[in-house]
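We call the chains A, B, C and D, going by the order they appear; numbering starts again at 1 in every chain.
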Amino acid sequence: MAHESSSFRTDVFIDWCPGCGNFGILMALQGALEELGLEPHQVVLVSGIGCSGKTPHFVNAYGVHTLHGRLLPYAIGIKLANPDLEVIAVGGDGDGLGIGAGHFLSAGRRNVDVTYLLHNNGVYGLTKGQASPTLRLGVRTKSLARVNINNALNPVATALISGYTFVARGYAFDFRHLKDLIKRGIGHRGMSLIEILQPCPTYNDITTKEWYGGEDRRDPETGRPRPRIYKLEEEGFDPEVRDPDEAMEKLLRALSKSYEWGDRIPIGVFYKNEQSTYEERIAERLPSYFERPPARQRLSDETGVPLVDLRSLLEEFRVF
Amino acid sequence: MAGGPQGSGVDTAAVIFSRACGYGGLHIYGKREYHSNIKGLHSYFHIRVSSREVLANSSSVDLLAAFDSETVVRHFHEVSPRGGLIVDERETQKNIFEIPTLPKEFKDDLKIKIEKLKLGETISDLLKYIEGRGGKVFIVPYMGLLRGIADKLGIDNLLRVMPTLNVLSIGISFSILRYDKGLVERAVRTTFSDRPRIAEMNLLALREAFDYAEKAFPEGLGTSLRVLRPSEERILIQGHQAIALGKIFGGCRVQTYYPITPAGDESWFLEAHEVFKIKGGEGSMLVLQAEDELAAINMANGAALAGARAATSTSGPGFSLMVEGLGWAGNSEVPVVITYYQRGGPSTGLPTRHGQDDLRFSVHAGHGEFARIVLASGDIRECFYDAAMAFNYAERYQVPVIHLVDKALADSYKTYEIFEAEGYRIQRGKILDEVKPGEEYKRFKIGDNAISPRVFLGTLGGVHWYTGDEHNEFGHITEHPRMRDSMVEKRMRKLELIDREIPLEEKINFYGERGAENIVVSWGSPKGAILEALKALNREGHSLGFLQVRMIHPLPWKEIREILRDRDKVIDVEMNYSGQLGGIIREKTGIPMSFFILKYNGRPMTSTEVQEALIEILKGRAPERRVLTYGS
Amino acid sequence: MAGGPQGSGVDTAAVIFSRACGYGGLHIYGKREYHSNIKGLHSYFHIRVSSREVLANSSSVDLLAAFDSETVVRHFHEVSPRGGLIVDERETQKNIFEIPTLPKEFKDDLKIKIEKLKLGETISDLLKYIEGRGGKVFIVPYMGLLRGIADKLGIDNLLRVMPTLNVLSIGISFSILRYDKGLVERAVRTTFSDRPRIAEMNLLALREAFDYAEKAFPEGLGTSLRVLRPSEERILIQGHQAIALGKIFGGCRVQTYYPITPAGDESWFLEAHEVFKIKGGEGSMLVLQAEDELAAINMANGAALAGARAATSTSGPGFSLMVEGLGWAGNSEVPVVITYYQRGGPSTGLPTRHGQDDLRFSVHAGHGEFARIVLASGDIRECFYDAAMAFNYAERYQVPVIHLVDKALADSYKTYEIFEAEGYRIQRGKILDEVKPGEEYKRFKIGDNAISPRVFLGTLGGVHWYTGDEHNEFGHITEHPRMRDSMVEKRMRKLELIDREIPLEEKINFYGERGAENIVVSWGSPKGAILEALKALNREGHSLGFLQVRMIHPLPWKEIREILRDRDKVIDVEMNYSGQLGGIIREKTGIPMSFFILKYNGRPMTSTEVQEALIEILKGRAPERRVLTYGS
Amino acid sequence: MAHESSSFRTDVFIDWCPGCGNFGILMALQGALEELGLEPHQVVLVSGIGCSGKTPHFVNAYGVHTLHGRLLPYAIGIKLANPDLEVIAVGGDGDGLGIGAGHFLSAGRRNVDVTYLLHNNGVYGLTKGQASPTLRLGVRTKSLARVNINNALNPVATALISGYTFVARGYAFDFRHLKDLIKRGIGHRGMSLIEILQPCPTYNDITTKEWYGGEDRRDPETGRPRPRIYKLEEEGFDPEVRDPDEAMEKLLRALSKSYEWGDRIPIGVFYKNEQSTYEERIAERLPSYFERPPARQRLSDETGVPLVDLRSLLEEFRVF
């Protein structure tokens, strides 16, 4: 908007409901960008459609608020056209695992250096609280007329089996931890998924802030809530693959952890495995890819004459 | 024409044959036809050779090389009275109703046909029919020839030399046409240049064929192909190749696609040419196979925002999935190019066959209203220039451009004088490389005309936003009624700007007599057949003009109205059921079409059938709608 | 009119208000407007009440109940000279430029507006303006009233009684309108019938409001609402509810959907009514939330093949994704119904606002050519009958039917005489329950007319195939040119059959004078505003007729040509930029529109603005295009 | 076509390439249907687009050859409209895990009683051999100009994490075993995935019949090929969840097995866990669902008068 403000804030009115977990995510994201020392013009936030999809408008960085479920194709198209950009995708659980599930899987297969924040609130927020693909079977939120009859997808497990090389989970109301995860995701070379547990006080009265915080199960002695959420790192969980040989074992361990739910819900990094990125694989085909990526190739001289050597292009078609 | 089962080398035969003709200074026009199947069903190529330019096929065949009995059954009636047929001796005794790959509906028709012609049920009965009409039949002992080749190469297994069958038949063909063997050898060598062993085997086959035919058929076909020495430089090229080259030339640097017939050929060609020479170095194009067409269009949109000239390429089923992404591009003023290869619809329809059914769909695809350009090329040369031009239009007007071509253009071959730059300049429209400190940048600034300066994602000082929602000048969501009106108008007024600025010669072509009484109107691939018919008819004293529309949307309706107004007959020629261009013209100009010549059986129009249909109209004997049916 | 932040109960207020009026024998027409946001942005409802039928809103407001200062800012200028405004006393001192939810572009406009009117920057300045024009302002101490309620209920926390704010304002409104309190109580009770505690709280609030207002505003608004006793039975219903009921009534038994505004309301209504009474028992509808719109349309197609009457329901972005499935249905002759709720486009556009931009898209969506029906309802009653009729059309002609409605129909409320069956019969077309042993069944049999008898999947003896490819009579893939032609013709000739068979009264409506000099042409929701304008103008001596087109495709062009031919002026009224229906009519009849009255700011047309625009045209003072702009 | 032939064969010319694995799958499918004693009219084969997608035309049963990637929505729509039908989905790996991946995941969440045969040939057959989503990174089939730069999806793992309740793998050229798997899949109450390893001799020269059969690694002593494929059941692998408590453990074991590849490739049943089907969950909402499913409800009397009681429908809208 105005020229390079130092902060990542905009003056657009934030129209989320009071108490929405998205506020926490927004702050953590802005904090992470600031602490990484990035400048607004270096960052592109790409979002889908949903309450979460509005995020880019509240961040002073390039913002591409796309179509429902299509944020990953946009993010990948942008990143591959100009790999110098820091591309971050932000979207809802319905967006990413409902209508966009095919792209979710496919992005894992590619391993482009994009960081993906998936706001998991268990509902389709912006369309008034229908069950999202992460809502569990048999659950009925206050927005539903009847119990949910679909099984839930597990975003962490889905990312793991499809090839994401950094897979983590954060919590919207743990600012410092989430900010840190986002920084690590951005720092990771390759495709990162950060699932974020995001309370939606308006429609989801099941996985609420209080529930995550364990306020419904206070310690009878101290009267203090016993949080359901705990941090993997605090239990010494080691997500990092340091040697290709241990990849399968760590993957399976991460999968196993990803299914923990209910009384104990892990957050933190589940898996990290640096591998060649898609960009690097492209560069094996197109040797000058990193120096002159598609968005930065010169196409013509000053008068507009194309630089391409038409004659040599046509050579193989010459018959006379 | 040569035909045989898919996978038996019909394609390669077409390439070799066409090249050999090209090397001899001849003009060719050729077209492949094949089933949606990998191996075994009937495919054929149909080539016309001439000392003058040829623009389309005609409905008869002078020389038919049949690799199998099915080819004889499907095409024997097309062999012209003074034409010839080359056939394997093993096939001659086959019963035509026992060919397993012939579908029931074909056999039903065949039964009627042979009863009418009073023919028997074997291939040799059909051969007799050809001979009876004055044609020549060349029966070739292919197995014997193959055995000879195998022996010479010291190969036991006959299967290993089987792939030379197509070259054998080319050899026979050129031999009975008395053509220069050296040129054919050169064509074989070029075609197999990356596989020298195969090249040698085929060269041997070629020589064997020539030797055999010279002895066995000393009198030849009767007509012969003479070598010429034209003064111009020439290329032999297919439509999808011309488009791919136009893209490289025009600066496209990201192409996304999901495999689909017939669009896929273009992307695979680009993959093979992803690195190319530019002045002072090397350029490259990123060709991305997406997970589906939804991803393909949206990736291309993203790449375009980042500042690359970006395109995607597809056919009907894929385009149907791109509609949502097209709308986003329209709303966010993204300069993206979609190359749309029409094939026979609806749905998966006829995946490998031809049609022009998607004109209205390309004009109206997407909910809501937004500016787009629909550009339809009529021949392979136009495919090249329009492909490059599409990016200029897209970037100058910040709109999605649909480059609408069709299957008949995509995989027909033609000889052309070599393509030159012809003054083509890259015009990227209004782009700011940086935004000065203190200046406020608004991506969707409402200014004097509908175009706001763009900055690419990543530009210092140019932070802005995009959204599929209605937005204000910064790109933030708005629902404000006045801003809404302004943005709708900003987007839609581009159509007027485009109409005003793009020169007429890039939008329509007119052929024939300016003041002609009767005007043929068409678009896309029928152009070739129409031009040939027109020439013949005007030579016979008829008064015909031909308006080819290239810019379908926004339609240059004022100029078209001038051209069509007060003519005796306006004749719409299209490859669809409902005369779609005719409908658009009537909508925009009020002028109705007097006649329709339509075709929708999946096969391109031939000049013969167009000419016949036009004659009937000119003679006043035709119904308002005439449906053409040539093809197998 | 009542307005306040989204989530503050504006919707419920609308329902209670409308019901209360309905109970008093009054007619109402009402419309909700809201932002694409869950809580906090401005929303309002606009209701007209009358002893006679009301068909649309007008541009002025007699009584405005503002829940917040933003409502005052946005609507103060609409309050009619003898109208009134109810406002919270806490809001009066607010500075209008400090309201955080007002977007920049609104504030820009506001600045200009208050400068022009020479007003200050606080709410009370705006109140003075209203009073200055003769309006009344009712300042209400809502906080005090709430505290009173809380006290009476023994509740400490004021937040818990906050939700009664809307009922308080309804109470004030009805009180100053001197309306029967008992009816309002009944409306409150019905509205909260499933939550008795809440009902009690609100009833208390209502009484408090009445009590307060009777004392505080003894003179009232000046005008009052009188209760009537009509002889007919009446319902109060919204468009999406009418469609849902039409579907149940018309036999739809599978509805698939993916959540989207404004189509979603219909599906959620259906979910709540999935089990219903039928003669002698219970019927049920399976309502399926799909993973996306691609799945939604294709699931519906599948269900239709299995023999259920099946539908899907969506808005522009979803329909864009359904295009491929629509084409499959067209090719495979699947009787599927798509209810298409238009909203402002393109792309996500204005998700909660109104538009009619998708007409051409619905007619041409899908590559290739195939028969479809596009049926556009113009009022809520038509929504009901057309929803039921769509299934008859779909099954009789074995085509996809697009039932095109719009956001203004979807969530407007209106009182109607109760809907009756009106002779509606379920017509399922040609269906075989079994195929006799020895008989050969061909799903796509080419017969005398374009319709082949269907059997449902699972029928004994009826095994057959479907494919998106071109197919023969059995449904197996074919690429045979003659079979291709026959199938294209079979599919396309349905359009002629439909045109011939469906009676004219199901396709168009004509209002006003048959022989009028000037004809208004329109479709969809503008109908109400047009009819009101027409009545007023014809009363004033103008000569106007109104042609409402319901069957857009195939367009009954012969009849329309007869109606429009040789009129003085043909005036196209549509909620889009390009006058899409006008374009279709010109394409099919050759008749151009003389004037366009268009609107695309996302808000429905009011009768006032239509009438004004028509007057200008009739007086010869109007430009060819007139764009309407009322709304906030 | 003709009236109820006893066999599941049609007289449509089968236009697959010689040696194609699809022939084996077709035979196993026809064999399974026959042995199950089903009649042609009871069965609906639903397919996507690809070489594999042509299968229904070669089977004498109701055939619905749909759109690329959309076979599951059709299959589910058909089954739910009439749950008496035996619905079998047949499609390619590109179809199911490329363009159709979103539906693949979503079908797992529902658990409709459909059996899904996924022909895994590593390529997009019908469009001439591009890499499919199951082709491994770095592999170059003869149809590719360059090596594949995407990671592969694992169909078995993908089905497992998304909720398929019967997950198996077969091999196109092990007729008896495959036929048996298909019978078990059809017998399973709930959503079954059977991945079928399908050699495509025309485009895929990597995972060929010879490779699966181990002909490239003959036993130096006996000279006999050492097949890569082995059967889970022969190793005593127990895929069946008999008690909800063991579900997670069996799921993780199945996941672990699904990653075995290269020298040893397991076929057989990886996981089986009978749970409530989607149809049963629907029946809890619509009590008469199984007796009168949507496709079999009477809509009107003989004269066409709708059976629905319009008055009672409108009751809630009455204001006067």
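FYI, a residue touches a chain if its C-beta (ideal position, glycine included) is under 8 Å from a C-beta of that chain, and two chains touch if they have at least 3 such contacts.
Since we're looking at a predicted model, the values are computed, not measured.
Asks: Quick check: more C-beta contact pairs in A-C or A-B?
Replies: A-B
Asks: If you take the mean of the Cα atoms for each chain, which one ends up farthest from chain A?
Replies: Max centre-to-centre separation from chain A belongs to B.
Asks: With chain centres taken as the means of their Cα atoms, state the distance from chain A to chain C in Å.
Replies: Each chain's C-alpha centroid was found; their separation is 37 Å.
Asks: How many angstrom between the C-alpha centroids of chain C and chain B?
Replies: Taking the average C-alpha coordinate of chain B and of chain C, the gap between them is 45 Å.
Asks: So how far apart, in whole Å, are chain A and chain D when each is placed at the average of its C-alpha atoms?
Replies: So the centre of chain A lies 31 Å away from the centre of chain D.
Asks: What are the residues of chain B that contact at least two other chains?
Replies: If we look for residues of chain B contacting two or more partner chains, we find 35-36, 103, 291-292, 317, 324, 328, 347-348, 467-469, 477.
Asks: By the touch rule stated above, which residues of chain A touch at least two different other chains?
Replies: Where chain A meets two or more other chains at a single residue, that happens at 49, 67, 98-99, 101-103, 105-106, 133, 146, 282, 285.
Asks: Could you please specify the touching residues of chain D with respect to chain B in the complex?
Replies: Result: residues 13, 15-18, 49, 51, 67-69, 98-99, 101, 124-128, 130-131, 133, 145-146, 202 of chain D touch chain B.
Asks: Going by the contact rule at the top, pick out the chain B residues touching chain C in the complex.
Replies: 35-36, 103-106, 109, 315-317, 319-321, 323-324, 327-328, 330-332, 342, 344-353, 355, 357-358, 360-361, 363-370, 467-470, 472, 477-485, 488-489, 492, 576-578, 583-584, 586-587, 590, 592, 600-603, 627, 629, 631-632
Asks: Looking at the complex, which residues from chain A come into contact with chain D?
Replies: Touching chain D from chain A are residues 97-103, 105-106, 108-111, 133, 146, 149-154, 157-158, 161-163, 248, 251-252, 255-256, 259, 278, 281-282, 285.
Asks: Please give the residue numbers of chain D that touch chain C in the complex, ascending.
Replies: It is residues 1-4, 10, 12, 40-42, 44, 46, 49, 54, 56-57, 60-67, 70, 72-78, 80-82, 84-85, 102-103, 105-106, 282, 285-289, 292-297, 299-301, 303-310, 312-314, 317-320 of chain D that touch chain C.
Asks: So in the complex, which bits of chain C are touching chain A?
Replies: It comes out as residues 7, 35-41, 100-101, 103, 258-261, 264, 268, 271-272, 289, 291-293, 317, 347-348.
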